[in-house]
Amino acid sequence: MRFGVSLEKDLLSKFDQRIREKKYTNRSEALRDLIREDLVKKEWQENKEISGAITLIYDHHKRELLDRITDIQHDFQKLIISTQHIHLDHNNCLEIVAIRGKSREAQKLAETLKAIKGVKHGTLSMSSTGDHID
Amino acid sequence: MRFGVSLEKDLLSKFDQRIREKKYTNRSEALRDLIREDLVKKEWQENKEISGAITLIYDHHKRELLDRITDIQHDFQKLIISTQHIHLDHNNCLEIVAIRGKSREAQKLAETLKAIKGVKHGTLSMSSTGDHID
Amino acid sequence: MRFGVSLEKDLLSKFDQRIREKKYTNRSEALRDLIREDLVKKEWQENKEISGAITLIYDHHKRELLDRITDIQHDFQKLIISTQHIHLDHNNCLEIVAIRGKSREAQKLAETLKAIKGVKHGTLSMSSTGDHID
Amino acid sequence: MRFGVSLEKDLLSKFDQRIREKKYTNRSEALRDLIREDLVKKEWQENKEISGAITLIYDHHKRELLDRITDIQHDFQKLIISTQHIHLDHNNCLEIVAIRGKSREAQKLAETLKAIKGVKHGTLSMSSTGDHID
């Protein structure tokens, strides 16, 4: 399917610069991705089945912290597929939790983990199961 | 260390609501996290040593796609610690790439992977090595 | 529960040496592990619900290889929890497939993956779901 | 390179049956894998640079256990690439540690982890960096 798009000259030139920066080969490919981004955003807003990742940075020497993180993850066991743990240095750990389930549950888990005392930083990657974006 | 903070009444009441939503037990804990968020943002802006995760959603049946994704990851081999691959269903894959290195390299890798034809969605989690946020 | 065990002097002294080598703190702890090992072996022989890991070493430049490995993994999707992929060097990949399901299915998947032309080495770790070993 | 192999009739017929069971398409492919298996075994015996995986099953509710496992992993930080953690059920965890380094160090880490009180089962997958097996 092909269709025309009309854009202000300024907006188009800024868009073309973004395309070059982001290494797309053409405008359609770049627009396709913007549309998909927006569809994924909708999946998260409407509490749909989503997939994603939670990252955590923490110092594993803080006693109780590991037990707390693991207990919470077991409470959300259905949501969590698997967790990747990387020993960054003698103190710091990077933990990446792969998740799949309802977006609201995912956000609740991310917030609960990030609010644990001793967790230095956390992020939530909001992605999709890929089912409804082609 | 303890010090006073003065805030507009409205701003404080909105902040307190956020604290309740995000399940913090007190204001200091919540402020500590905002300050850390800001420090991590700075690490990414100043091309410091960072850690993070890239997520990708794609249909593995698209021929050439897997070879392309793997070739690129091998080109950025020093940046990549390990990749977690989850078979979401018969078609869709969730791939989570754990990274550590300079933030600019990380952004370049994320953009290169997301721009591959056939990749449906991608995210970049910007986190830290934990070294400079205590 | 405590009970006595009688062993030939020679066998006991060899066992004690093994205990020291394997860093156990006492005989009961070492015997407990031997009994568990045997229970896990039984789970695998009787096609019980097990968990484990398959490792693969391959050169990702071999065309078709990645598609083949991924296609097979999607065919065994219910068995596979998640796959960890490590870029060892510019050519070699280490892939670790976390599995859970019937032991016969697990062995079939391991054999199918190892027999793919281009896979240099493969192993199957036979472990347990932990449910029936306390 | 092609060369002839002479085998006892009985041994050949048993070998051919194994080939069918293991789904190889021809004898050369099956022999190639036996030779590689033997080369990998040698790498482990001679304390060469190897790669592999350690699996652990444990009940995360055992207090101190998580701290102990994580402390030990940080002590062997150079050997460990990344750890995959799977919440099997409310109690049991499957942990898969991806390793690369000297075989003796790998064996030491595996034994130390398996001997921790509370670890129900452990395995060590002995594989290769792929460098010296083609």
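By written order: A, B, C and D. Residues from 1 in each chain.
By definition in this document, a residue touches a chain if its C-beta (ideal position, glycine included) is under 8 Å from a C-beta of that chain, and two chains touch if they have at least 3 such contacts.
Values in this document were obtained by computation on a predicted structure and should not be read as measured data.
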Open item on the list: Fitting on CA atoms only, what is the rotation between the copies chain B and chain C? Please report it in degrees, nearest 5.
Closed with: 180
TODO: Decide which interface, A-B or A-C, involves more C-beta pairs in contact, and give its chain pair.
DONE: A-B
Task: Euclidean distance of C-alpha centroids - chain A vs chain C, Å - done: 31
Task: Approximate Å spacing (C-alpha centroids) for the pair chain A, chain B - done: 7
- [ ] Give me the residues of chain B that touch two or more other chains.
- [x] 81-82, 84, 86, 89, 91, 93, 98
Task: chain C-facing residues of chain D, complex - done: 21-25, 29, 33, 36-37, 40, 51-53, 55, 57-59, 81-82, 84, 86, 88-89, 91-94, 96, 98, 100, 111-112, 114-115, 117, 120-131, 133-134
Open item on the list: Considering only the defined contacts, which chain C positions touch chain A in the complex?
Closed with: 81-82, 84, 98
- [ ] Name, in rising order, each residue of chain B that touches chain C in their complex.
- [x] 60, 63, 66-67, 70-71, 73-74, 77, 80, 82-87, 89-91, 93
